[in-house]
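Below: a set of structures, written as structure tokens.
Two complexes come next, and they have one chain in common, subunit A, joined by subunit B in the first and subunit C in the second.
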Partner chain A sequence: MSISLENKISTAQNLTAALSRVGDKNNVFGFDMIGEALQFVEIEGLPTNKHEEFKYCNVDAVFRKEFKEINNSFSEINMPPVVVDAINVYIINGRFESVSGKAEGLVICDLVAAQKTHKEVVEKNLGAHAKPTSSVFVALNTAYCQKGLFVYVEKNAKIDKPVYIHYLTDPISVSVINPRTLIVCGAGSNVQIIDDYYSKGANFFSTHTSEIVVGENAQVKHYKIQNEGDNAFGVITTEVVQSSNSVYDAATFIFSGSLVRNNHHVRLFGQNIEAHLNGLIIGRHNALIDNHTYIDHAMPNCNTNELYKGIAYEKSSLVFNGKIMVRRDAQKTNAYQSSKNILMSDDASIYTKPQLEIYADDVKCSHGTSTGKVDEDALFYLKARGIGDESARKLLLQAFAQELIDKIEIPSLHDKVLELFEESLK
Partner chain B sequence: MITIKNLRASVEGKEILKGIDLEIKAGEVHAIMGPNGSGKSTLSNVLAGRADYEVTEGEVTFNGKNLLELAPEDRAREGVFLAFQYPVEIPGVSNINFLKTAINETREYKGQAPMEAKDFLALVKEKQHLVELDGKLANRSVNEGFSGGEKKRNEIFQMAMLNPSFSILDETDSGLDIDALKIVASGVNKLRTKDNAFLVITHYQRLLDYIIPDFVHVLYNGKIVKSGGKELALELEEKGYDEIKKQFETV
Partner chain C sequence: MANEILEEHINSEYKWGFTTDIESDTFKKGLNEDVIRLLSHKKNEPEWMLEFRLKSYRYWLTMKEPSNWAYFPYPKIDFQEISYYSAPKVKPELASLDEVDPELLKTFEKLGISLEEQKRLTGVSSNIAVDAVFDSISVKTTFRETLAEKGIIFCSFSEAVQEHPDLIKKYMGMVVPYTDNYYAALNGAVFSDGSFCYIPKGVRCPMELSTYFRINSSGTGQFERTLIVADEESYVSYLEGCTAPQRDENQLHAAIVEIIAHKNAEVKYSTVQNWYPGDKNGVGGIFNFVTKRGLCVGDYSKISWTQVETGSAITWKYPSVILKGDNSVGEFYSVALTNNHQQADTGTKMIHLGKNTKSTIISKGISAGVSNNSYRGLVQIKKGAVNARNFSQCDSLLMGDKCGAHTFPYIEIKDKTAVVEHEATTSKIGEDQLFYCNQRGISTEKAIGLIVNGYCREVLNKLPMEFAIEAQKLLAISLEGSVG
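The block that comes next holds the complex of A and B.
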């Protein structure tokens, strides 16, 4: 493993800064974990585009150029209007700020507090699913996170209102933010989680790392709405682990951002598990939006489904890399994956790569991908009925996106996302 | 209503229409017949404004306007309708939303306010009856999973909804069994008025038993080689296109 000199310098700077913060009461991780994380950063360095997993996502160039110094000055943020009737959680500039609303069987607080009140749950899960040595960004997050978020849904609790987590970021100068989230859903529980990322102000880089534990028979719906400004850069890691008979149903909507890398990993540690990963991505301007999914079928009789659709405008690039691992014991696995894309300009790019690794012999797995322009025949058909070029394209793009937007089961959120989608086509 | 003068058009550099002259007046139904490859579909696509067809010469005047200068959507808004030979399936776009957009964009073009939702729904109900189109089909995605007959009926349903002054039926009879053909023809007949006109393009005489034309033209090798009354269609049916081919064969 090679370490460039420059890498060493920048990580060394980070190291010093972080060590001065070790023992910081707002970082939930202890000295050992932080030390391990920083050592990993030092050895590994930032991934360049020679790194297969970051082939199209040159984080190194962006990170080193823009985010060399970790500054943390932020302005007071104005909350965007809340349109969904929900339990609202606010993460301001990467730190847990407040929660409004409550429900029986639901605990929401910051991780440091949770370490005292829910010691066992936190110790068992935090850093266990998103290990600091799994990636440089998780390592950085581990070393620098402050006031992480803890959401705990007790055994058999059914939470009627969605838990709406607002990640709001508004830096005064170039900054790095390190939001950390641990969500533990007890056996038989039922909850809807919404991650809504919103930002303005100066450029920032986020290492947001989430761990989501879905207990036996639990049902979790997880919506991610990434509608940040052009100032948003980040590598977002979501590590999901599921137990038997559970359902994890995720839908990600990305409408803007300069560099968005989502690592969405789901590990199936049980039988009869169902997992869905869906995504709708609109790339504008020079955005690079890279979705890496990984589904690990470790045990038999599980069903997973992935559908990602992208629309790339201008000079944007969209990447979808979907890895499915079917281990030797995972017989009777059903795993399906599909990636469909539309190029809206000659300068836009789409990179899509399915990766199936199958070690069991009695499985059903499939993957498919398509990339093309708006269907010219359909376009002419609409125009021949008096529909103008702009409306005709909009109708076709809406038709393309509809099945994903319709996966949102909360009507007010559905309408909000539809509105954001329509806005993003302009 | 529409006057076509010396219309020449090419596809991918190959000349298909080699000088078409045709005048259609309000209240008239004209039929164009001809063997495969004679240029029938090219004529309909050129009139509707499909981009792959290049007009190299000639002019088309539609209600006093130069049709060839208009974008396809503006031709439609001016009252030109093409019933497609192969209607396109558009998954995810509902028939209703599609028609509402089409009607309202046309109204906007004419400076009219959008149609009230209840008026629109009443119109849908009335017109789908005309072609015996199942109400469920109207709510489905445009042509998706429709049978051949349903697609053609949907074309006529759209025609009824948009109420064009000049309609081109491009081989609407192809792929239809006799019952579907009767339904489609009866729909068209109900839409005939003294103020609108039709151009029926067909390979076979069969459709013309149900939609009786005022004039029949034979298109061969990119030109209209023969014109006459409805009896010309019967004559062609009897003798086939071979005689025409022999008579007008060009070397």
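The block that comes next holds the complex of A and C.
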């Protein structure tokens, strides 16, 4: 069955036809939820760049492609070598495939199974944080996701090895994939999660939607590595909710992609919460990489920090749109945001839109953004010491990025990312 | 100075809220092509002007009213419920001040711009030439002769249409075309008057030029147009002040200001905007939806906007600079203060097209009461704008826990040689700062006045002397009662 995404939307108009999918035993969502999602898609339609949230992110390119819906068949996946000692989870073409390794207090399975074994947790959280009506892409994901991933860290469990989730995509034909993830970290738990998006130049569009629940006193480290080649399109939504005294520390590294739109939202429903969002983005060729972050300070005494750095080569465009919301009750909030960018080519462009929306008075919030080229003085200094132009530039870019790469606390992952970074500068 | 502030504190309310009983010639409410024809006829305008108005009007009809994009709901404006022309019944051409309606002169005296006084002081170079716009009509322009000697044209827009049609035809709509936005199109159709200023080649304007706007009649809107053209190697500093009477209806003010700076010219435009902000419960007040834009058309030209915004129920205002000439400079200094139910959404756009262009943005927002204050700005570096440089700083100060302060900067960079920096902070007045003042015998209210003035100094310093004093007082008064 070959359908373009537009057709997909128009089929959405035919609700009865679409609802027949409810019978799909691999979709975890019920009749009502899928109905709601499809109805939302029908009403909203797809965003254009007249839409404020998609001002710089033209998703039209996605719809010019004829996407085939994915079948179970896929070519042999070229798995990248596993370098990190971890509990490995494989999501292949958007479906949960397998898990190797286990740890005490850790449950990893597909969402359909989890619905039986962890009914309460799934019912309470799934679709509650990434509501189908929050965006068209989440709605599409809700309606069409199959075999989602469920990760559950029990109360007070400390998972020593990181949970390494491999999102491998390599379909035979141009496809839409709809991976779905729910990660629930119980109170007092401690876990490291690695999302590794990898593809060897496949042509696809992903609506990956994750929900991450960070319980009271829990500590979650979340690394994201996006390196899916120049034909990958994706609108990726990550919804994080945090309870009191928890720490969520995220670092995103993007090395390739044709159109990557990351919506990283963190909601602080508690006090004394700490959240960090960091990102390093390398734009090559014609890539459009759009990072939207949103931090919602709903309660007092929370600290959040954001640092995003971008390097734009060739004809790439980088977008950073960061929003910090401080609600009326969120007194004593500290929120900082910083975005720094380097333009490497005359055809590259950078759009930044750091936003503060503040309704409480006893707060300290600031944002800063700067965009420029490689510092000529620094370059001269290095050249004067006999370092060639190219090496000198590379050195300076490395210095620019090091701060973010060093946020990775797993040595083997640190080296892998550093290697990817160095490769992407070539 | 401090005593004055204290005094002003005590008699809080909006002190410019009086109305003047002047017989005025006001159109019936409503808007259609006939109204525009009548307006044009009344002003004895040439055919091309009427054409421009009708073109704007027809375009306006095809446009949709912008709504829901900002944070605040506001009552829908019924454009048929507005009278598009209101003029004091005085002869349009006045030979001397004696002919001006004495009531009107009193009004201006109350406003603190005594035209009489100014007349007497002719010849003092530090003086200010004033063009007073009452409701929609320019009432009197002072110092015209003095300025004419230097070849400077400073008159009402209507007069300019009659006397300098070539200049108007050439420059009107050059920076803000009628197709620009909804309110610009409306203004193009119904603008009644405004000021026109032309500084010829190589002339440095010897005095500050000033326009004073006042809305007086009820049920009217004010739609004026200001056009400033600075020819090569010239300089002018221009001031604009606005007040309106207290009314419990919302009145619309949709103005256009266009500035054109040729090679090596410099224009400094300062505004103290103090339209009626509505009462404590948010009833009434002016909707201030204006389009202000400057074009640095020549190399090495400079346009600088300084604004102190304390009035209006709702302000949408983004004085912008298009930096087209190489090495041109754009500046924006703003203090926006909102209290009670006021809503301000203001900022700037700096569009860099030329090489080595520079822009600076300093914005200071202060919110008190239950008001919302937003900075919304755009810095755009187009491809080919080699070595463009921008620095932006937006600070917000929150007074009380019911107000909001927001920052929405848009930064778009398409040239790799650009260097762009943006900083924003939000904070409140520190307890320690207040304690320090209290300890030295300065009351909390006075201390806040001091701290706010210190916070705004960077911007206030950019204002011409006379305005700086007025602005400082204004800030103190507007904050009255916000100490919690």
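What to note about this one:
As a working rule, the second predicted complex is superposed on the first by the 393 of 426 C-alpha atoms of A that agree within 3 Å, B and C clash if a C-alpha of one lies under 4 Å from a C-alpha of the other, contacts with A are read in each partner's own complex, and residues count from 1 in each chain.
Operating definition for what follows: a contact is a pair of C-beta atoms (placed from the backbone, for glycine too) under 8 Å apart; a residue touches a chain by one contact, two chains touch by 3 or more.
Predicted model, so just to flag it, every value in this text is computed and none were measured.
Annotation for the three-chain superposition on subunit A: subunit B and subunit C fit side by side.
When the shared chain is aligned, subunit C comes close enough to touch A:366, but subunit B does not. Comparing subunit B with subunit C, more residues of subunit A are touched by C. Residue contacts after overlaying the shared chain place A:351 against subunit C, while subunit B stays out of touching range. Contact with subunit B, but none with subunit C, is seen for A:400 once the two complexes are overlaid on the shared chain.
By the touch criterion stated above, A:117 is placed in contact with neither subunit B nor subunit C. Looking at the shared chain after the overlay, A:386 reaches subunit B, while subunit C stays out of its contact range. The superposed model places subunit B and subunit C at 70 degrees from each other around the C-alpha centre of subunit A, with the value given to the nearest 10. Contacts of A:98 after superposition on the shared chain: neither subunit B nor subunit C is touched.
In the superposition on chain A, A:378 makes contact with subunit B only, while subunit C stays out of contact range. Between subunit B and subunit C in the chain A overlay, the least Cα distance found is 14 Å. When both complexes are aligned on chain A by C-alpha atoms, no subunit A residue touches subunit B in the first and subunit C in the second. Interface residues of subunit B, counted against subunit A in their complex, comprise 48-51, 71-73, 75-77, 81-82, 84, 87-88, 90-93, 97-99, 101-103, 105-106, 109, 141-142, 158, 162. Against subunit C, the residues of subunit A that register as touching in their complex are 52, 56, 328, 331, 341, 343-373. Residues of subunit C that touch subunit A in their complex: 69, 383, 396, 398-428.
Put simply, subunit A touches subunit B in their complex at residues 375-378, 380-389, 391-392, 395-396, 398-400, 402-403.
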